[in-house]
Structure formats: structure tokens, C-alpha cells
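Below, each structure is written out as C-alpha cells.
What follows is a pair of complexes built around chain A, which joins chain B in one and chain C in the other.
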Partner chain A sequence: MNTSNKLTIIYFITAFLVGIALFALNILVGSVHIPLREALQVIFNKDNSSALHVIIFDYRFPQAVTALLSGAALAVAGLMMQTLFRNPLADPSILGISSGAGLGVASVILVSGSLAVIPHWTALTITSSAFFGAVVVLAVITLLSRRLNSMVMLIIIGIMIAYLTGAITDILKYFSRKEEIHAFVIWGLGDFSAVGTSNLDFYTVTIIAGLLCGMLLSKTLNMLIIGESYAENLGLNIRRATAFTIAVSGFLTAVVTAFCGPIAFLGLAVPHLARFIFHSSNHIILTPASALIGADLALACNLIARLPGLEETLPINAVTALIGAPIVIYVIFRYRK
Partner chain B sequence: MFEKILHVLRTNISLLAVVIFAFFSCESGNSSLQNNDNNDITSSNINHHSKYLAIKNYKSGFYIVIKNPWDADKTLDEFYVFPDSVGIPQEIKTKRIIKSPVKSAVTFSSTQWSVFLQLGEIERVSGILEGQSATIKKVKALVKEGLIADIGSESNFDREKIISLKPDIIIYTPYPTSNCSDLERLTDALCVPFADYLENTPLGRAEWLKLIGILCGKEKEASQWFSDIETRYNTLKIKCDTVSRKPTVFSDLPYGNQWYIAGGSSYIAQFFKDAGAEYVFSDDHSAASRLIDPEKMLLRAGNADFWRVTNSNAFPLEREKMAAQNELFTHFKAFRENNIIVCDIIKTSYFETAQYRPDEILADFITIFHPEILTNHEPSYYHLGLK
Partner chain C sequence: MQNILEIDSLSIGYNGNAILKPITWAAAKGDMIALTGSNGLGKSTLLRVLSGRTRPISGTVRLMGADIHTFTPKQRAKLVSIVLTERPEDMFLKVKDVVASGRFPYSGLFGKISENDEKHIKASLEVIGINHLINKDFTSLSDGERQKVMIAKAIAQDTPLILMDEPMAFLDYKSRIEIFELMTKMTSEEGKTVIFSSHDLDLVNRYCEKQWNLEKWAVS
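Up next is the complex of A and B:
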């Protein structure tokens, strides 16, 4: 085993251990101070009626799992987009999928709220509408990707779709009541606690399935990164590969956005971190590396958002941006060199 | 002898009050009272509960000051209201003056036009915001017939329509960044800030009806109306002063993960206190609402006896749907025992009428918290338990 391989394994183990530590901290630390001994008692005690038990098992645990899975999913989706478009600033939202989800949610909260068509915005209604909006945009983009040869054209169409859905959302917001706008704004701030215990199984299964598909596409991504003509010479069907990559990346983004709202920056920043740490452009390494670092970063952001001593939870989207923005700035400077 | 002493004391206190008032009036840089004959303005306010409203008698009219809720040293507006039949005193002719009763008023909130309605003066209202959302049939019909113009929503009101209505006054809801001066420039109307929503006591909020009463030329009726509210409210409140056990209560639903709680000195907290209940955040001395993490909420309110929520949908709130919205709810004792106090905003015309029926709201709460005190009360706004 050469030094580079050894280092890669060490980095993987380190990222994994950091993930475990951050996960444990997510369970043990929150706005309600629970001393370690008491927390351990609650975790290993079968009495599930106490408020502390509910806080740890029904609130913190599903939130930590959601953060972990969402971070991994967005990071892998971002990596796929950056590779596909050969653009270091591409991220899962670049094709307008997050905006599509936003429009779906806006249609439910703003339109049906005003007309009182739906009795109450249940979590399921919001999730379904976000997923529907995201999938519609994803379907349009996937279809177009099979017709268009140019990645630049595709990226422009993605950005245009984002503008279009954003504009419709703005119009809906403009004509809505304060309460509805507020509910929509809150959704837009992102929330890892939105999955909860009842949807956690479904969320886990769908994200893991998406991540496995992402892993299976690693070889395809390796071929795409060397250039389309080379990839074609190696026997890759570019249009089909593009459509698959967009579908998997879009699916991961759609599921995360549907449940947690649009989470910014993780998808953009993590692939760069993975490349920087692992010094590799091999997607067989980069995909799991991005998933691990994405999970770690999301757990860290979730921890910062619920800093002990604070009675409020900071919006997760703001925290991810606070961490993501310096990374993007770093990338810009790095590429300038 | 004793009566004489009392009389002297009263006279001196009144004099002292006048002197203090005159002193502070002269101190205030932006007060228009500097050039007035201070003796014509009564030293005490006509109103007693509203923090941001000061109504004083001035000759045969009224001198109104709307205090700035965000800067205690400043006023938001000050103006005079004089009956149309009476001449305007020379010394205030250059001041902001409204002639009562106003002929055409544009209102920005249902808490404003509802006073016109209840005083039988709704025909003086020419335009309202969100007219389509009005839940009172009479007003809805007037909007439909075009007798009251729907001037749009608060974030998107139709300036051209307001100009076409030629209002005498525009009663608006002030915010720290709001400014009505552009509307004053475009119309001949005088803008009246109505800061009722910032009052943190039920009687303080209700007392703003006196201002509309004055603008309608029905100050006596408005005053009597408020006096009836005040008397009943205080009578009910006294009944709860001696309760032996105070049930605990918390309020409001979260938006996703964001749980806003009303401050311990807020409007709703005052209701809970007056109805003989213990608000779980009574140790918070703020009147404003603030965010709280759900796990903190669970710790503080998980064992509370009651949970007060409002439902702004046309459909009734259901426990099953609430649990589907947020499974954390099921860990609250009040939710499990269905001790949820709910107000259906649309069904009860809450936004239009509740502000001026604090006595009725208090009676609703007392019936829930202490059913032994009020046995025959039929709830108007709040009922206990969900489907």
C-alpha cells in the first residue's frame, strides 16, 4: 500500500470518527442543558416518559440523523453537478430544482392558505408539494439534457428555470397574507428537525438509495471529467450518462429540500473540501469522501445552530452559509492562482 | 374641617399636575403646545389604559397625541379634532386638524373599521384593506356592492384607489419603517396612526375605540361603550383574585421549528393572569414575542395544564392533523389530555371584534380555567378541546 492510499484511509477513518463525535455531541448538546451523567441515564434507562427522554430520542436523535443524511446527500449531489458541468461553482440548486421545490411549497402555503383549500399545512402536504415542484423541474431538465448537447446551454436553462419559478413564487408572496409569507420564509430557512421520528425510516431509505446510485455513477463521473469526447471514445453514452447524473443528483436534492427546506452551500462547498483534503479527482474516492465530509459539516452546522445557552435555534440555512461562504471565497482565490 | 383639607389638597394636586404638565410640554422640542393656551387643555387624559394614546379635551374639541412606541421621547403624531359645527380656534389654525364627524375614512385594519361598524357609522368608511377577507357579512356586502372600496393588501395597497376616494382621514397601522407622508401628499387626507396592536393590556387595546368615537363625532357613545367593557372586565377579574389553584397555560403554535412565544407581559399573558391562570413564561418580562427552541418549549410547557392556540383556517383544527404536522405535540400534557383552548379566527370574526370584547374573552378563559366561577357563560371566542 503506497503512502497516498494510506493517507486516504487515514482521512476516511478521521472523517468517520469526527462524524461519530459530532453525532454524539448533537445528541448531548442543545438548548436544554442535560449533564452527561443524566443524559447517559436517560439513554440507557427504559423510562420513556420523561421530558429529557423525549428531547433526546424524539427531537435530537432524528434531527442528528437527518442532518447527517442531508449533508451527505447534498454533498454528493453537488459533486455530481460540479463534475457534470465541469464548473467549480455548480451546486444542486443550479438546475432550479430547489426553486421548483420552493414554488411547490409556495403554491400550498401561499395560494391554498389564502383560499383555505387545505385545512392545515401538514408536514406531509408541504413535503409532497416541495417534492412535486422539484420533480417537475427535474423531469424538464432531464428531458432537455437528452436533447441538448451543450452543458453550458443546460446550465443556462437551469438558471432560467430557477428565475422563472422564483418569479412566480415572488408574485405569490406579494399577494399573500403576513402569516402565510412568514410560514414560507420559515420554510426557506431550512430545518433538520422537520423529518421527525415518523418519517425518519422513509427519509433514511430514500437518501441511502440515492447515495448508492451516486456511488454507482462514480466511474461514469470519472469518465465525464476527462471530457465528453474522451468519454465517448471510452464507450460512454453521454446523453444517457448526463440524464442519469441529473436524475440522481436531482432526486437527492428534491428529497432533502422537500423535507428540510432549501439548504444552501453544503452542496457547493463540500466537494471542494473533499478534493482539498483527499487530493484526488477520482470519484470512487471523492463520492464517499464528499458524503462523509458533508455529513460532518451538516452535523457541525446543526450543533452551531443549537448552541447551548441559546433559547432559540439559529436558522440552519444561515449557519451553512456562514461556513460555506468562506470556503467558496477560498476556492475562488485558489482557482485564480 | 376634614373636607376642607381634602378640598385644599385636591386643588393643589390639580394645580401641581397642570404645572408639571405645562413644564413638560414646554420641555418637549416637537410639541405643538408651546404656542397654545395651555389652560385650554385638560391636564389629565380622557383615556386611562392605553399607553400610546393620549386624548385630552381642548376647548370644544380634542387634542390627540399618539406616542411613538419605539422612542418614548417622541410622538408619532399629534392633532386636534373639532366638531364641524364649531369654529377652529385661531391659535391652532396652522396645526393638524380633523373636522368631526369625518365624511370619508380609509382604514388599514379591521380593528379600525369595526369600531365604525359597531358605532353605526360604517357609511363613513370609504375604503378598507383586504376587503375580500372581511368575515362580517354586512361589511362583506358593502365591499361587494362597491360602497366600500377594497384597497388591496397591506404590502400592496392601491394608492390610486385611495386618491380617488378623496378621504378626510387615512387611519393606518404604524410600523417602525412605515410612513404615511406620501399618502398625505397625494391626497388631502390626514393620516392617523392607530397603534392599538402595540398595547399589551386588553383594556389598553380596547380603549383605542375612543379615538374612532371622537372621529365619528360619537365620543359619548364610545366612552359609554368602553366604560361598560371596563366595568365587566374588572368585575370578572376580581372574581379570580382569590382562586386557590392557578392552572398553568402556554400559548401558540410553532412555524416549523420556529416556536414564537408571547412575552410574560404581553396582551395574552395579561388575559391568562386576569383569568386566574399561571402563564408558563410569566418570568419573562417582555411584552414582545420571541423565539424559543422546541426542546426548551417541551421542558417548560410539557406539563402545562392548558394550551391556547388560534386557527386561522376556515376548517376546524383537528388533533390528528396537529400531530401529523409536528409529532412533538403528542408529548405535551395539554395535547394528550385535549386541554387545548382554541379560537377559530374566521368563524368568530376574531380580528374584527375580539379587541373590543376583552370582557367576553376573559369570561371565556375563566369558564375554562375556573368553571366553578362562571357557570352559565356561553363561550364566544375560545372553546376547550379539539376533535
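Up next is the complex of A and C:
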């Protein structure tokens, strides 16, 4: 085994171990500190009536799993967009999918009333409407991608759709009450606690299915990175490959945005972190590497967002950029050629 | 000897408008053919049609005896490879990754490189004489070296026909001679058929026995 392969394995193991440590901290640390021994007792004890059991299993565990899966999903979705469009600034929101979700949510919150108190059915309605909005945009973009020859045209159309949906959302906001706008802003800040125990199984299965599809597209992405004309000559059906890539990336983005809000930064930054750390452009390595680093970063952000001593949970969107931006700058300087 | 490529009454152009006079040419195994003609005449378009990426207005392109459009993209990828003026730009691509991409038509779902693929990759680098660059970052290479890597990719693709669009573009005189020497080696020693477009008439006259000169359909 050569040095480069050994390093890749060491980086994978390190990212995995960091993930386990951060996951454990997400369970233990918060407004109520839980010592490790007590946490282990609660986890392995059948008694499920204690307060600690409720905190761990009803709140922290689903939230940590959501953060882990969301980070992995957005990172892989971002990687796919950056490779497809050969654009380092592409991210999962570039095709207007997050804006579509935003419009879906705006329609529910701003048109049908306030989110101030969220009964279960309302949360479900918001998730469904966000998903519906995202999927409509995704379907339009996927269909267009099969008719257009140029990635540049596709990206411009995606950005135009984002402006269109954003504009309609703004008009809805303009005619809404203060409380409703506040509720919409809160949704826009992102929240990993929104999935909860009731939807965790569904969330886990859909995200893992999306990630596996992403992994299956590794060869396609490795062909596209050489260049579109070369990829076509190597036997790739460009339109079909584009449609599949957009569908998988868009699906992951739609699911995460529907449940957790439009979480920015991770999808843009993590693929760059993966490339610089693993020093590779091979998607067989980059896809799982992005998923792992995305999960680690999302867990770290979730931890910082609800550090002990803070009265309120900080908005995830602010924390992801606050923590992520310096890390990206450091990694670029540390691993620059 | 069976022709590798047969072009019969081929008319190419855009939106149904022909840009060249209809062409009837043939290329045999080991031919090194220069495609000449002034700028904007349609050399790149013709190469795209010959690679099966674009359909002609009329006429046929036959590859190994069959119409090029009767092959699936994957079958075609094993018959004709291309070298273009565009280059991969990803800063983490290694030379080996680029050459290995030539093996994608032969690999499975994840594009895993088999022992046989490794042999082809090493042999291609050896033919071109760039074994020492194998672990280098592609974007760190000079223009001439990058061109050689793209040619190595085409050789790794193991196709009887290799089409090159302006392979001498951006290269200095020494590198241009090297590329001509390489193409001669590929055709005479490896038995490949190489068709390339070029404006380098001095070198074309020196190295190529066959030239296809394009003529405009109508002078406006």
C-alpha cells in the first residue's frame, strides 16, 4: 500500500472517531449536563421513566442523529453540484431548491397563520409544504436539464427560479403580520431539533437512500470532472447523468430543508475541506469523505449552538458559518500546494 | 485491408445548413491523416461528427464497417477516442486519474481500476514517455506535458481510431515536433489510426503522407 492510500485510510479513521466523540458530546452536553456514567446507565437501563431518559432519547439523540445526517447530506449534495457545474461556488441551493422550499413554507406560515405555537400537525404541514415546494422546483429543473445542452444555461435558469420563488416569498412577507414573519425568519435560521423522534426513522431512511445513490454516481462524477466532451466520448449520456445528479442532490437538499430549514454553508464548504484534506478528486473517496466531514461539522455546530450557559439555542445557520469559515480558511492555508 | 473509417457523401453543418462540400474519404489502419483548412471552416465540427457526438446533415460515417450511430455510446467509447483543446481543470486531479479515465468504458459501476486497466495505463504512459509524471498534479504540468497526458488517456482508451482537435495548439516548436513524433509512433508502431486537425502545414507536410483539405460549400 502506498503512502497516499495509507494517509487516506488514516484520515477516514480520524474523521470517523471525531464523529463518534462529537456525537457523544452532543448527548452529554447541554443546558443539563449529563455525566458519562449516568448517561451509560440510562442508555443500558430499561427504566425509561427518568428525566434523563427523556432528555437523551426524546431530545438529544434525535437531534444529534439529525445533525449528523443533515451535515452528510448537504455536503454530498454540494459536492455533486460543484462537480456537475465545475463551479467551486456551487452549493445545494444553487438550483433554487431551497428557495422553493422557502416558498412552500412561506405559503403555509404567512398565508394560513402564525407558527408561534406549533401543534404537531402544523409542524408536519410546514415540512410537507417545504418538501412540496422543493420537489416542484427540483422536477422543473430536472426536466429542463434533459432539454438543455449547456450547464451554464441550466445554472442561470436555477438562479432565476431562486429569484422568482424568493420574490413571491417577499410579496407574501410584505402582506403578512409581524408574528408570522418572525415565525418564517425562525424557520430560515435552521434547526436540527425539528425532526424529533416521530419522524426520525423516515428521515434516516430517506437520507441514507440519497447518500447511497450519491455513492452510485461516483463514476459519473469522476467522468464529468475530466470535462463534458471527454465524458461523453467515454460513453456517458450527459443529459441522463445531469438529470440523475440533479435529482439525487436535489432530493437530499429537499429533505434536509423541509425538516431543518435552509441550512447554508455546509454544502458549499465541506466539499472543499474534503478535497484539501484528502488531496483527491476521486469521488469514490470524496463522497464518503464529504459525508463524514459534513456530519462532523454539523455535530460540532449543533454542540456549539446549545453550549451550557446559553439561555437560548443559537441559530444553526449562524453557527455553521461562524465555525466553518475559519476552518475552511485554515485548511486552505495548511494544505495549499 | 478493411478501412477503419469510411466517410460517404457526408454533409455537415448547423440547423440543416451545410458548411462544407460533401465529403467521401476513407482511413485505413495505421493512417496518420492531417485535417487542414482555414479557421472556422468546420474542422472541429467534422471531428465531432466523426466521433459520433454530432449527427451529420446527410451521408454516413462508418466505423469498422458499421454506421457510427448504430453503436451504443459505450460501444463507441471502445472504438474512437478524442483529444481536444479543452483540459481538465480540477486542481487535485493526478496525471494517473486523467490517464485512468480512458479505462472508464471498460470498468464497472464504481469505475474500479483492474489489474488489466493498470497494465494499459502504465503502457500508455510508457508509449508517450511520461512515466515520471504519473503522481504529479495535472494542473501543475506545462502545456506540452498536459497534451501528452491527454494523448496517453486516448491510448489507454485502447481504440483503433484517435481523433485530435488542434493537438499542437498552445505548444512551442519543440513540443509540436514531439507530438508529431508521438503520433508517428502511435500509427506506425501501435497500429492506431490518427486523424488530427492542424494549421502547422510545414510539419504536416514533413510527417503526414495523407492530408484531408476541407473546402467551403459556397463562397459568399
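Convention: the second predicted complex is superposed on the first by the 315 of 337 C-alpha atoms of A that agree within 3 Å, B and C clash if a C-alpha of one lies under 4 Å from a C-alpha of the other, contacts with A are read in each partner's own complex, and residues count from 1 in each chain.
Keep this in mind: a contact is a pair of C-beta atoms (placed from the backbone, for glycine too) under 8 Å apart; a residue touches a chain by one contact, two chains touch by 3 or more.
Everything quoted here is computed from the prediction, not taken from an experiment.
Within the superposed three-chain model, A:Asp58 lies in touch with chain B and out of touch with chain C [touch as defined at top]. When both complexes are overlaid on chain A, the residue A:Lys6 reaches neither chain B nor chain C. In the superposed model, B is the one of chain B and chain C that contacts more residues of chain A. Look at A:Glu232: by the touch rule set out above, it reaches chain C but stays clear of chain B.
Of the two partner chains placed around the shared chain by superposition, neither chain B nor chain C is touched by A:Arg146. Of the two partner chains, neither chain B nor chain C is touched by A:Arg334. Once the two complexes are overlaid on the shared chain, A:Gly30 sits against chain B while remaining clear of chain C. Overlap of the chain B and chain C interfaces on chain A: none, as no residue is touched by both. In the complex of the two chains, the chain A residues touching chain C come out as 4, 86, 216, 218-219, 222-223, 225-227, 229-230, 232-237, 275, 279-282, 284, 337.
The touching residues of chain C, counted against chain A in their complex, run 51, 53, 72-74, 76-77, 80-82, 84, 86-94, 97-98, 101-102, 104-105, 107, 109-112, 135, 137, 140, 153, 157. Against chain B, the residues of chain A that register as touching in their complex are 30-32, 51, 54-55, 58-60, 113, 116, 119-124, 174-175, 177-179, 182-183, 186-187, 189, 191, 193-194, 196-198, 261, 306, 310-313.
If you check the complex, the residues on chain B that touch chain A are 130, 133, 153-156, 255-258, 290-296, 298-299, 302-303, 311-318, 321-322, 324-328, 331, 346.
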